[in-house]
Structures are given as C-alpha cells and as structure tokens.
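Two complexes are shown next, each including subunit A; its partner changes from subunit B in the first to subunit C in the second.
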Partner chain A sequence: MKKIIVDSLKYKYPGTDNLALNDISFEVEEGEIIGIVGKNGSGKTSLSLSLTGLIPHFFGGGYGGKVLVDGLEVRNSTVTEISERVGYVFDNPFSQMTAAKYTVYEEVAFGLENMGLPREEIKKRVDWSLQLLDLESIKEKYPFDLSGGQMQRVAIAGVIAMKPQILVLDEPTSQLDPEGSEEVFQVIQSLAQEGITILIVEHKLEKIAKFCDKILLLHEGQLIDFNHPQEVFSRDDLKDYGIMPPVFTRVCRALDIKNPLTGHYPVTLEEVTQLVKNHE
Partner chain B sequence: MNEIKTENVSFSYDQKTIVLKDINLTLANKPTAIIGQNGAGKSTLVKLFKGLLKPTEGDIWINGKNTKEFTAAQLASHIGLVFQNPGDQIFKHKVIDEVMFGPLNIGQSREKAYQNSIEALKKVHMEKYKDENPYDLNLSQQKLVTIASILAMDPPIIIFDEPTIGQDDFGKELLKNLIRDLAAEGKLVLTIIHDMDFVAETFERTIVMNQGEVILDGPTREVFAKEDIIKLAKLDLPHVMQMAKVFGIEETVLTVDELITRLQRI
Partner chain C sequence: MKMTLYVAKNSIVHKSDPITKLTYCLVAAIVPYIIPNHLFAFVIMLLSISLLLLGKVFRKMIPIYILSLFLLITIVIIQGIFHPDNVTPLFMLGPITFYQEGLLIASLLIIRIINMLSAFGVVILTTQPDDLIEALVKKGMSPRIGYVIGSVLQIIPQMSSMVGTIMDAQRSRGLETEGKLSTRIKAFIPLIGPVIMNSLIATRERSIALEIRGFNSKRKKTFLRDEKEFLFGKPYQLLLILCFIGAIIWRIFQ
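Let's turn to the complex of A and B:
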C-alpha cells in the first residue's frame, strides 16, 4: 500500500526566487525506510517539512503539485490532521522540547495528552517509548539539564509515543555517540517492521546504506535518483552532487570489487564480509 | 608553545556524583581529539579548561595561568570554546554582530574586530550571510557562525565541541582543513567528537574517556590499535579499520587511501 505519494511537487519559500523543491515525484510503500541524502541546501529539510504540512501551512510561499500522506492531501488538510499521521523529529532537539514540562517523563507524555488519550494508555505508551530509547534512568530529569545526545533521544521518544503511521526524522543521531546512534537506527528498523513508514535525513551514509530500503538523492531542489542503496551509491556522478558514498563503497570502487549478484559496488560491511567469505 | 596542564583534577556538580576523576593531562600543540560515550565527561572537561567550571580537586593551568585564579572572562582571550549547541552561544540578530561580539569584548577596536570577523567568516565560507539573522540559518550554518565567532577572537587555544554536527561532506572537509591550518599556525586545537572516521583522518593525538576517566591517550594510530579499550569505552573503530579486518589486515589503517594502498598489495 502506498503510504506517501508526492506528485510534481514544487515549492518556493516566501520572498525567494529559486524553487527549494523543483518538480519532485516519488512514492513510498508502507513499512519502507527511505534515506534522504544530498548536500546542505539541496532541499532535504524542505521535503521533510512538506510531508508534515508545515510546508505550505506554516511557511507559506509558492506551492504546486500534490503530496498525499496516508491518503490525506497535505494542501487541503490542517497541520493537526496531518500530525495524527505524520510524526516529525527536528534536526535540533532544542527546537522540539516544549519548555512547558519539568521532567523527561512529562515531556514524552506531552503529545499524548494533547491527543486526549486515556490516562492508562498514556502511561503505557510513555513507558514503552522510554524503554525503547533507553531513557528510564533519566525520566525524572529536567529536559533542559540533559546533554545534547540525551535530549535527542527524548525528542525521538516523544514522537514515537504518538505512534504515527509515518515518521520523518531530520538527522536524528547527529549528537549521539556510536552506540547510541546504532541503537536509534535499530529502533527505527523495528518500527518499520511493525509497518511504520520512515523517512530519514542523514549524513551518515554507512548507516543509511545499512538500514534503508531506498535512497532519495536530492540536488538543488531536484530529485536526482530514487533507488536501492547499491544502485545510488554506485553512480559515477555522486561527486557532482557533493556526496561521498560509504567508505566500503569507496574502497571497493577503487579496487573494482563488485558484488556479482547485484553488479554494483558493495555498500555495507556485511556485504563486503559476505563477498570475502564467498571468495575464500 | 601553548599548553593546557591538569593535575589530579576531579569534578562533581553536586558533591555526590563524580563526573571527572583524577585527570592528569598535558596538552600541547598537536591537534587532539577527545572521544567517549555521551556522558563520559568530555564536555565537562572542556568547560573546566575554559574556566566556566572550577575543579573540585586539583588544578588546571592554561598557558601557565591557574583557572582557579582567573575568571572565564579573563581567560577568554587565551582559550576559545565553540559550544556543541549553537543555541547556547548565539544571541545577536545579525551574523556579523554575533561574530564581532567576542573580539569587541576582549578589547579589539571596532575596525579590527570587523576585519577579524570578516576574515573568520571567510574561513568557514559564511561571509555572504554576514547580514542575515543567525536564527534564520540552519543548524549546520549556525554551527559555522559560532566557529567564526571564536576564530575572530584569535585565541591561541581553540576547543570545538562536536563541530561536524549537521555538516555535509563539503562542511566536514572544510573543518578538517581548518583544524589543520589552525594547528599549522601554532594553535592548540582540541575537539570533542563522535565521528570516528573524522578522528582517524584529522587528529594526531586521541584521548579516550570513559565514566569520567581518561582510559587511553596517545597517537591516534596507536589508540585505534587498542580495539579492546575502544570497545570498553563503547566506541567504534573507524569504518576503514572495520573493513580492513574483514580482509585480514590487522595493522591500523586510518584513511580510505591507506586501505586502498594496503589492499592493492594483496
């Protein structure tokens, strides 16, 4: 089932001349994990915002084409209606904190209270979410006393507690250590297995290659490619888009080691390991 | 020669939980990375260097000045810290005013402060945003503005807390070169960072922290050779080293080029 349909989307911020998004079309199936990549300024955040309805409803500007999330047309729906389906994690966790709550527990519960859920259900979901993001030990802390990494996990917990059908995350692991970052990607993977559709903006391409079903490559507001990681990261012209493929792919390309099954350069450590094993 | 020296430094915010335990370090001009899990004490340590916090026990000298005897303001021209979160640093409504604030504050003339600020913005490719409101910039651009703010003060010691957050490959390359250039100018550059590939490619010395203690310190190549300690600190090896192991290469490789050269010999 198609969870996201973007059809000929064009968007221009108010007071600017250039299209931030220029004729973008793609479709995402339920439970897929999509990695959005591109250099800074390529339109990654604008595309994310257009799935949440903040573009065009909050930002205004020129808008053309169509975006459907879980069957709902973004342009003709309110941000509140959309937010029941699409959860959004900001790139800066400070932007996400409500500043209205005194503990991590309350912060994570905030969205659920606004949804008007029964008390028991709120407690159940908050506990689940805190456990998933490994936050139980700091649930009584004041959100603004947390480190950047902890705050980032609280931001994610608050959004997934609302169990949105679609989850959009803008660089959710930028402030996390390697272990924390791997954990967040594993949480994302398990959510996708439960049928949640996920779009994630991320510069850590080794992670993107490992966890994403498809990569959406943007450049100057245009969609350059929307394909499996092996295909996108094997492109000869990635440099033109300011992208360096994963370390594993760079090394294999230099040595011309391809995966005979796909005809492409390997993109993950697991794939390289398998190739070396088969060779022996 | 710039130097940070710590002697038996311990720190606790509330007298109960020990955040840093018996830190003894001498940091000189080699670009140095400080790595460790979230909560290992890295940010607290650099706040102590900067004089924003004072040691509960022990002493810290910044180019010979004991941080206990000086205020953070007095140390500001000697040591600059770029915060992890730009929101903790930015407070002006125009990029150029934001960058000029520090230089003016340490007594540079208006003209000199302007000149230094423009130079600093050029170094991070942000000069064309000088009249913008920093709050309108995205996270990675804000980060570059806060870096320029510190460069404009031209302190002999510069500390970056997670400089690569939000940066794309171009931004990372820019920062890598900036760190090398600053080191070549004779500055002491310290960086807290989670990106192990960036550490391997950029820093000569690496310090590993775990639960408030320094558990490993040495040339980056030797540090990443101690996989057991890296694992103990719950960190990863750089991706090139993970890949080298798959090919049975046990020696330390730090860059993609190094691994390619090494594999070509097989």
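Let's turn to the complex of A and C:
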C-alpha cells in the first residue's frame, strides 16, 4: 500500500527566484524506511516540510504538483489534520520543546492532550514511548535541564507517542553520540516493522546504508536517484552531488570488490563480511 | 533552570482552588480602590497577609516588600509635601513641611499597594502554574492564552542563557563588553542584533513544532494530570464575586 505519493512537486520559497524543489516525483510503500541525502541546500528539509503540510501552508511561496500522505492531499488539508498522520522531528530539539511543561513526562504528553485522547490512553502512550527511547529514568526531569542528546530523544518520543502513520525525521541524531544514534535507528527500525513509514534526513551515511530500504538523492532541488542503498552508493558520480559513500563502500570500490549477484558495491559491514566469507 | 515562584508547602491555602485564589486576588486588589476607606483597605491588607502566613510563604514576600520600599517612600514624600489638598502641617523635617492631608492619602496608597502585592503573592507563591493554567483552560480560557502564560516563565531564562552564549561568542572575537559605560554601550549593538534574530528564529521554529503537535486542533483538549480535589471551590468564588458587586453598588449609592 502506497503511503506517500509525490507527483511533479515544485516549490519556491517566498521572495526567491530559484526552485527549492524542482519536479520531484516518487512513491513510498507502507513500512518502508527512506533515507533522504544530499548536500546542504539540496532541498532535503524543504521536501520533509512538504510532507507535513508546513509547505505550503506555513511557509507560503510558489507550489505546484501533488503530495498525498496516507491518502490525504497536503494542499487541501490543514497542518493539524496532517499532523495526526505525519509526525515531524526537527534537527534542533531545543525548539521542539513546548516550553510550557515542567517534566519530560508532561512534555511527551503534549501532543496527545491536543489530540483530545482520554487520560488513560495518554498515560499508556507516554509510558510506551518513554520506554522505547529509554527515557524512563529522566521522566520527572525539567526538559530544559537535559543534555542535547536527551532532549533530542524527548522530541522523538513526543512525536512517536502520537502514533503517526508516517514519521519524518530531520537529522534526528545530530546531537547524539554513536551509541545514542544506534539506539535511535533501532527504534526507527522497530517502528517500521510495526508498519510506520519513515523518511529520515541524515548525514550519517553508514547508518542510512544500514537501516534504510531506499535512498532518495537530492541535488539543487532535483531528484537524482531513488533506489536501494547499494545502487545509489555505487554511482560513479556521487562526488558531483557532494556525497561521500559509506567507508565500507569506499574501501570495496578501491579494492574493486562488488557483490557478484547485484554488481554493486557493498554498503554495510555485514555485507562486506559476508562477501569476504564467501570469497574464502 | 526552572523559573517559577511557586513554593511547595502543605497548607490549606496551597490546597485551595486556584480559581478561588485568583478571584480573591483580583477582588482584594480592586475593591479597596472602589471603597476608598483606610480601615477597610487595612482589613483587606491584613487578610491578604494572613493568607500568606497561613500558606507559610510570608517570608518569601519580604524581599518583594523591600523592593517596593523605594516606591512607597516616594509616595510619602510626594503626597506629604506636594499634594494640592495639603492645608494642615503635621511635622517639619528641616525646611520641609509634611501635611496631614497628603500623608493620609499616601497611607491609603501604601496600604493598597501592600495589599495588592500580598494578594498576588497568595496566588503566585501558593499555586503551581500548571494548576492555574489548567483550571483556567477548563473554565473556557483559550489554550493559546494558557500557553503564553505557561511558556513565558520558561522562555525568559532560556533567552537569558542565549544572551550569555552570544556574549561569549562576541567576546571571543575581541568585543569589549566590560569596563566604562561607553564601552558597554558600544558592545550593546553587536549583541542585541544576534539576540533578536535568534529569538525570532527560535519563536518561529517553536510555533512550527507546536503546529505539528496538533496545538491548533479543533478537538476538545484533554489533560494528562488527574483531576485534583481543591478546597473552597465555586461557592467561595461566587461569594467573592458578590462582594465585588456589593462594593460597586455601595460606591454608586453612597
């Protein structure tokens, strides 16, 4: 079942001449994890915002084409309507704290109160998301007293608790250490297994290669490629788009080690290990 | 840093309905202006101070009273010496004469100010901000206004921390921020620009974040916190409102 359909999407921010998104089309199936990559200014955040309805409803500007999320056409729906189906996590967790709540527990419950859920359901969901993100030990802490990494996990918990059908994450691990990043990606994977469709903007390409089903490569607002990680990271012209493939892929390219079945370079440690084992 | 003036104590005032306390605060602050009588204002002031004592928070009010001293002394000097109704000299300090009429007016103003501070203290020091906002939203106040009231206390310390960061950043680039007044004024301009820009950006981002967490949802908002049982609910609020109306009627027909 298609959860996201983007058809010929064009977008221009108010007061600018260049298209931030130029004729973008792709479709995403339910439960897929999609990594959005590209260098700064390539349109990653604009594309993410267009899935939440913030583009065009909040930002204004020139808009063309069609975006359907979980059957809802973004242009004809309000951000509030879309927010019940699409969750969005910012790269800056500080701004995502409501500044109206005094504990992590209350902070995570904020969206659920707005949804008008019964108190017992709110508590159930908050407990679930706190457990998922390993935040139970700090649930009584004041949100602004947390470290950047903890705050980032609280921001994710607050969105996940709303149980959106689609989750868009803009650099959700930017303030996390390697262990914290791995944990967040594990959570993302388990959410996808529950049927949640996930789009993630991320510069940590090793993680993207490991966890994503497909990669959407953007450059100057245009869709360059939308394919499996092995195919995208095996492209010869990646440097032209400011992308450095994962280290395993670079090593294998240098040694000309390709997967004989697909003809592509491996992208994860597991793949490389398997190839070497088979070779032996 | 949590910025709230609330003082957690186990008292009957803390357990009282936040709306009743807010109603008391407003009625107690306004009625002494409607009924311009020294004794009446003094009794209300004593009542407000008694509530502070009962709530075990009177000591927290002392710095606020001390802060208001400058204003109170100014009132005594200006009214006591310069009020246009001054006729009867009461005492002299060197060449300066203080008049009875002016000092009487000053004393009423002082009682009203102390009463007002104390009444606000009863609400602010004995009520959790969340309880008050939640009670007001349940009474029909817009959640937007509730958010503004609730968030302002938290955003101010965040902004002051941001100012510190920006100041450090500018200092590291050679900006002199300490020393003579002229140096400080010069430093103000390169500091205020980034502070305003950062605040605007943060506000914009936060409004987006609220939007996508359903803040503008048309659905009836629910509350995470269990319903609290408060003392002195609706009948007492009604009684206070009746007192307020009574004061207005008294003023009209007196």
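Going forward, the second predicted complex is superposed on the first by the 280 of 280 C-alpha atoms of A that agree within 3 Å, B and C clash if a C-alpha of one lies under 4 Å from a C-alpha of the other, contacts with A are read in each partner's own complex, and residues count from 1 in each chain.
The rule we apply is simple: a residue touches a chain if its C-beta (ideal position, glycine included) is under 8 Å from a C-beta of that chain, and two chains touch if they have at least 3 such contacts.
This structure is a prediction, so every number in the text was calculated from the model and none was measured.
Student: Please tell me, clash or fit, for subunit B and subunit C sharing subunit A in the overlay.
Tutor: Clash.
Student: Subunit B or subunit C: which reaches more residues on subunit A?
Tutor: For subunit A, the partner with the higher number of touched residues is C.
Student: Let me test your reading of the model: by the given contact rule, A:Phe110 touches which partner, first (subunit B), second (subunit C), both or neither?
Tutor: second
Student: Per the contact definition in the header, classify A:Val247: touching subunit B only (first), subunit C only (second), both, or neither.
Tutor: Touch partner of A:Val247: subunit B, not subunit C.
Student: With the two complexes superposed on chain A, say which partner A:Ile200 touches: subunit B (first), subunit C (second), both, or neither.
Tutor: In the superposition, A:Ile200 contacts neither subunit B nor subunit C.
Student: Tell me the contact category for A:Thr273 with respect to subunit B and subunit C: first, second, both or neither.
Tutor: A:Thr273: touches subunit B, not subunit C.
Student: Contacts for A:Leu216 in the overlay, against subunit B (first) and subunit C (second): which applies, first, second, both or neither?
Tutor: A:Leu216: touches no partner chain.
Student: For A:Gly148 in the superposed arrangement: first (subunit B), second (subunit C), both or neither?
Tutor: first
Student: Go through the superposed model and pick first if A:Val28 touches only subunit B, second if only subunit C, both, or neither.
Tutor: It touches nothing on subunit B or subunit C.
Student: Contact-wise, after the overlay, does A:Gly180 reach subunit B, subunit C, both or neither (first, second, both, neither)?
Tutor: After superposition on chain A, A:Gly180 lies in contact with subunit B alone.
Student: Is A:Asn40 in contact with subunit B, with subunit C, with both, or with neither (first, second, both, neither)?
Tutor: first
Student: Would you mind listing the overlap between the subunit B footprint and the subunit C footprint on subunit A?
Tutor: 92, 94
Student: In the complex formed with subunit A, which residues of subunit C make contact?
Tutor: For this pair, the touching residues of subunit C are 1-2, 4, 129-130, 133, 146-147, 150-151, 154-155, 157-158, 202, 205-206, 208-226.
Student: Tell me, which parts of subunit A touch subunit C in their complex?
Tutor: Against subunit C, the touching part of subunit A is residues 52, 54, 58, 78-80, 83-84, 86-88, 90, 92, 94-102, 105-106, 109-119, 122-123, 126, 142, 144-145, 158-159, 162.
Student: Please output the residues of subunit B touching subunit A within their complex, sorted ascending.
Tutor: Result: residues 36-39, 43, 84-85, 87, 138-141, 162, 165-171, 194, 196-197, 234-236, 239-240, 242-243, 246-247, 256, 259-260, 263-264 of subunit B touch subunit A.
Student: Report the residues of subunit A in contact with subunit B in the complex, numbered from low to high.
Tutor: For this pair, the touching residues of subunit A are 39-40, 45, 91-92, 94, 147-150, 171, 174-181, 203, 206, 242-244, 246-248, 250-251, 254-255, 269, 272-273, 276.
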